[in-house]
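Chain nomenclature is as follows: A, B, C and D, assigned in order of appearance, with residue numbering initiated at 1 for each chain independently.
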Amino acid sequence: MSAVLELRLANRLSEIRRVAERIESFCAIGGVPESVIFKLNLALDEVLTNIIDYAYDEEGEHEIILRVVLVREILSAEVVDDGRPYDPTLTPDPDTGLSLDDRPIGGLGIYFAKRMMDRVVYVRDGNRNRLTLSKSTGKGADEAG
Amino acid sequence: MSAVLELRLANRLSEIRRVAERIESFCAIGGVPESVIFKLNLALDEVLTNIIDYAYDEEGEHEIILRVVLVREILSAEVVDDGRPYDPTLTPDPDTGLSLDDRPIGGLGIYFAKRMMDRVVYVRDGNRNRLTLSKSTGKGADEAG
Amino acid sequence: MEVVETPGGGGVVIIEARGRVDSNSAKAFEEKLLGAIAPSEPRIVVDCSQLDYVSSAGLRVLLMAAKRAKTNRGKLALCGLKPHVRDVFDVSGFTGIFSIHSTRESALTAVS
Amino acid sequence: MEVVETPGGGGVVIIEARGRVDSNSAKAFEEKLLGAIAPSEPRIVVDCSQLDYVSSAGLRVLLMAAKRAKTNRGKLALCGLKPHVRDVFDVSGFTGIFSIHSTRESALTAVS
């Protein structure tokens, strides 16, 4: 059995906690280890927060589509938004070795998303951004079949 | 937030319990009352069992697609199979008032599916059967039978 | 699903069905239940207090069992149906066909 | 998220962050924490033993707090990080920047 969870969210930060609960439940029943669920949720939190904070010019309501797919041992999540074109895979990593004084505030979100997942792929698709994040769930993590 | 769960199953009876677990988790997190979840699971069990038992001529493996959608207070499930054309909404209801001696064995599956849900709609779509079952999750859904 | 068979005293057999009786597990339930009904004048209590779920495949087995028990001049009673399971009996009209009891004691008395 | 502020003795303020500190709740966390750091020579322990989840939005607040505590000639220490939260600190390089303790006692000693 393969399983897909599709959520349609409004561009509001309050959606993120509910996304996390849904993903937790979807993944747990599929046998995904807790540590992998935590990482996927953190990566998606960062990606969704950025879309909500930076992708739109105006105040209006936008729909963000999130599709989480669990097939055998691969967990992947696709995030589609109709905001300004933005490829986060091109954002340079922060220098995590700086001292307290030199360390700039911010700039960790995209880095977290990349570090939590095995692969992050960006495509501009018409007037939409499509970001796909994927991660192996490890041996035997998925349901048989 | 609207949520869709899509499962792709093999035509094996052993899938049904796992479908039930997935639906339970998907619906519970969405706030669907336990009694409505039970009814949806029973309806889907009957529909899937019939497809697995009756829809195919040969022994080969077939994929059955199940899509469960929760939008506000409407819970709906769409079952798509590539088996022989069959419209279960046309199957006559059994006589549930017969005595033990007169009561025939069987013939309750489709009736259960219909009674558990508010609406069951069948469409033949190319070489596929598409059955949509829906139910209100809101006030009084429990009493609907 | 799990089926547990225990003697209920005075020749009565108690069949306890636990968990889910669906199309996938109905075969095992059928074998156990019909096996218990095979002797003449069978006295059977089906204890459903641990039964979480039953589909039409499970009701099919119960109806066959009830018919066969009658043919063999025996008695069959059910007990301990959880509310959801009870609803399924109501919808199918089986509430009027079966001897249904809230406690095992009452079901044992009914078949004795 | 919930933030609870309690006196830790000797002028130390203990800020306990519970639940999730994400982009939606970071603002409330920021107000509470920066408020506690506003006086000169602040001594702050951030107790994370009930903190289940922190995103970069939460780390942003902690980094601002650490910088400000230093500017105000104060001290800030963390304690009780759960493993997943600790991982987030490791990935961001914050483990080397912050004074991190396993127990509240040890963190209190560090800021006193």
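We adopt the following convention: contacts are C-beta pairs under 8 Å (C-beta built on N, C-alpha and C of every residue); 3 or more make two chains touch, one makes a residue touch a chain.
Quantities reported herein were computed from a predicted structural model and do not represent experimental measurements.
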* **Chains touching both chain A and chain C, listed by label** => B
* Asked: Along touching chains only, what is the step distance from chain B to chain D?
  -> 2
* Structure fact -> Cα centroid separation, chain A vs chain B, in Å, comes to 32
* Asked: In whole angstrom, how far does the Cα centroid of chain A sit from the Cα centroid of chain D?
  -> 26
* Interchain centroid distance [CA atoms averaged], chain C/chain D, Å -> 61
* Structure fact -> chain A touches at least 2 other chains through residues none
* On chain D, where are the residues touching two or more other chains? -> none
* **In contact (per the touch rule at the top): chain pairs** => A-B, A-D, B-C
* **chain B contact footprint on chain A (complex, rising order)** => 1-10, 15, 18-19, 21-22, 25-26, 28-30, 143, 145
* Asked: Which residues of chain B touch chain C in the complex?
  -> 13-14, 16-17, 20, 35, 38, 41-42, 45-46, 49, 52-53, 96-101, 103, 105-106, 108-109, 111-112, 115-116, 145
* Structure fact -> As the complex stands, chain D meets chain A at residues 20, 22-24, 53, 55-57, 59-60, 63-64, 66-67, 70, 84, 88, 91-93, 96-97
